[in-house]
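The structure follows.
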């Protein structure tokens, strides 16, 4: 008798650690007696029946690779009722009894739709932005932050040599976590995030001037992508303070690179958990890290949660960066 | 009227992130109206009255530095009742109303004794080994693991090119956490830790042979320092399997290096919390990270806790490394 | 009898390895019996008499630091005949019999003027751009390129996961060496440098299309700062080829960071050589690396040389990146 | 008419950058109209006819990989006259008109023998030790040194925090270049290499004591593998100076890792040159970097050259590390 099959795909923006999750799904799946298929380029590949057989060796040596060996893509067709039906049919044709979807909120909506069309799906939060409300942590977040931090460390060398102010824009469209933690780790004089309204005079200029009074002569200002305007901000700082200021937008460098240990380990745990859930017959769940533990939520419940910005940490950042 | 003073010292083995903790103590302390003193070379410096005034700029640009700018040392004299009295007297002479001690269990015993001698002390877990029972995380752990992981990644390149087995010994005398997480992150075929009894045939040789049957031709075995014997193990593996095997002891490289973001951020939070506790008049407490939150415990209570090894994670490691 | 003094300054843009050069000047100078002074913030500090005594320990642990511990700045006043006289007078007041100037062509013009005003000067090429005609290598070049390469390696992870084309702009205003070598090291499909005229259709679009015909689905295009226009180029590539394209400007990250071994070693050799030249009574010379050897040239002669772009290497790049 | 074929193999110890050389051989070879074959596991694979067809895409994304995608191995059979004949016959059977051999002196002896048996061979120096007399540089050397340097930088953090002396043993059995350059780049107080006889009292103990007199309190001693005895040396230093001393043997970590830019670029140039030589009908040549240029030598002539240790650089090291 043929084995049951499960499949795994990565969707949305790629994130370091996705490969560790894929590997854990493949190995745990095989360990539980499943046939495991990889789907290339996310939902687009699912619609094109771009399946590939995964064996134990197909995921050898991928732990240290950035990006996703399954590729990722966006698919408009999948977002239609017909697309969902078509995708579900393709799963059934291939004998796929469950799909692990690694991605962000958009990908989870797809997973929910597919679940409702009869194909049990489990989501794994994989996005560098840490913008999934139900989980304290998303796969890729730690690597992205460490990459940003290392880049700011380098910028500070030159900033300090020239007594400059460097405005650095990091990723995070609707979530300021990368900005907050990178800012703390680099001793940023000011940090601007989309979750907290700010006043340039009070939250940037005054902080710089006051810190200068304390003897500091070079400054780092970290700005989340969702706040933006870093080039103009640098100009404004220079005009208001007389301190030579420059902006750098770190950009896509933050998405890539060999994953940190934390991303590899958490992704492995989440991949293992996702397969466990499928094996238990669960569907429409998302795996999450909550208070230091791996748990799972109903996708709809998860999508309805609201992210809470860590205002306490933000206060600490202000206190210790003077 | 003179301000109250608090002091900060680092003790025991150094760990990356200690400087971030020192910086947070200094800045938070000044922010709360304290005079802050640094004590050089731990309790030894305390006995020698080796205090140094810390101002806001004294901790500029130390976030990215490994080691500890306050140095560290061991002190036998401090472990005697006379030593404790002498140390307490030195604190009183300097007007020190509280001391933040960054280190491991040994350092916390000192902090407890000093607290009982009338000088309120707060401990911060700073040790790469993650061997403090009360805290899920110790400052330095993340950096040490990432360093170990990057080294194993490099070893694997050559191991793979030669179809070899590499036995890698990582730090952790009584705690296998570095070994476990490094092993998972590097896809080690076998992981040996002091917490779990093992049988070489079953837990190493059989795993290698079985994985080879699946097509793998190079192997990583991670061994915790507390298990040891990696050179002999490599020889045994070679004799039993015919696979060329080599041992590498990663050693002190794991202690140093610029701290990861996680170590910088957690250390900052813990330093801030320690000052908060002193400001509230608390004494004999240790700061900890528990279930994702910064909390504090009575030192004696903390020292009496027992570390729980994550056997579930150990099982995951076995499942996904085939 | 008082010792003769020599001084050292860093000028122009900072470059990783400058600290190694400063260290070598200080240690070799002391070894040859000189008093060694550091001048802060280049010629501006020289005009302000911002000298600082350097002893053996003042340069401890600076080998691994990016930037320059002597700071750097630009000075308009120094560029006037009065400025030069003033600077020369300051040197004489301080008993300075020679100055080592670490920087680029602009800094060497200053060194020449100061030499002609009676203060023997020796230049050391310190600039990440490798744009000094007389020397095959400038201090900072290797670090900047490796930093650029590592960033492009990360960008490629995400570029590959999405089947994208990434246009990456690296430093080099008038010199394409960073672009050329980074491009080769990252397997860029096309490399645009200021020294070689290019035709977008032939040198970018056709190369991408042809490489795609060979099966490649993601592409890196490296553009030197002196060519610029990377955002527009990405848009053009997307329009002409249908391949999703994004631009990243690496920016100031390339200036900082802990220097590579090569930058530390070459800077050490050059600093040693500069002091040797001063000790021999030489003036108005610039140290250079030529055909693998440390040599020296008259500054005017050096400034009149013309840089030769390595067209052979450029051809190799084209051949092996298909 | 069938195209002529050439083949490429890697032999001896693996070295970072070997993949860049393989890639350049494959791409340049195809560009010149050859069929290119890869031979797996060096001469052993040649004897087993373990050839694999290489096309343009077979070497995509390997520039950044450490180790060698063609694997490497040692072969006793190949060292016999029968082995050579067998290997030559295998080449002829496959229509191979030339072989590029990437490795060290031992590999070049094989290449000479194969050339003399009628199969034109070109050697490329690929070994981390820089121990090939005819070439100023071997592929892998720069990466190995930078890896060693980064590890010593980390060790220094902990060494400094504890006022310790760290003895670090780096690779280099008969060649002290890694030790010398790593030592300079890390500010080692003493450097021991196989090329220069040493006296422990004068060259280690006295240097440490003198440097301590100058105020230094932590020390790095770098020892080449070919000198060895680092554990005993650490004990001796501790006994003679009273300074706590520890030894670390860096080991195989130095062989692996993503190659530096220099290794990728030089390997690319050498691979290109090797194919050029084969296309010109040359045989029994080895490619070399000499005085900053890519040249080639007769293999026998190359093997008879004697390596010259850079004693001038060794003197600089002594002068600037006080």
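Note that the chains are named A, B, C and D in the order they appear, and that numbering of residues resets to 1 at the start of each chain.
Note that a residue touches a chain if its C-beta (ideal position, glycine included) is under 8 Å from a C-beta of that chain, and two chains touch if they have at least 3 such contacts.
Heads up on the chains, UniProt names are A, B, C, D = ATP-dependent 6-phosphofructokinase.
Keep in mind it's a predicted model, so treat the numbers as computed, not measured.
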Across the interface between the identical copies chain C and chain D, with over half of residue numbers shared counting as same and under half as different, the residues used are same
At the largest C-alpha centroid distance from chain C we find chain B
Whole-Å distance, C-alpha centre of chain B to that of chain C, is 39
Rounded to the nearest Å, the gap between Cα centres of chain A and chain B is 27
Here the gap between chain B and chain D, centre to centre from mean Cα coordinates and rounded to Å, is 36
Among all residues of chain D, those touching at least two other chains are 153, 156, 160
Here the pairs of chains that touch are A-B, A-C, B-D, C-D
As the complex stands, chain D meets chain B at residues 10, 13-14, 16, 41, 65-68, 71-73, 147, 151, 153-163, 166, 246, 248-257
Counting only contacts in the complex, chain B reaches chain A at residues 20, 23-24, 27-28, 31, 56-57, 60-61, 63-64, 136, 142, 145-146, 149, 153, 156, 160, 181-182, 184-187, 214-216, 258, 260-262, 264-265, 268-269, 271-272, 290-293, 313, 316, 319-322
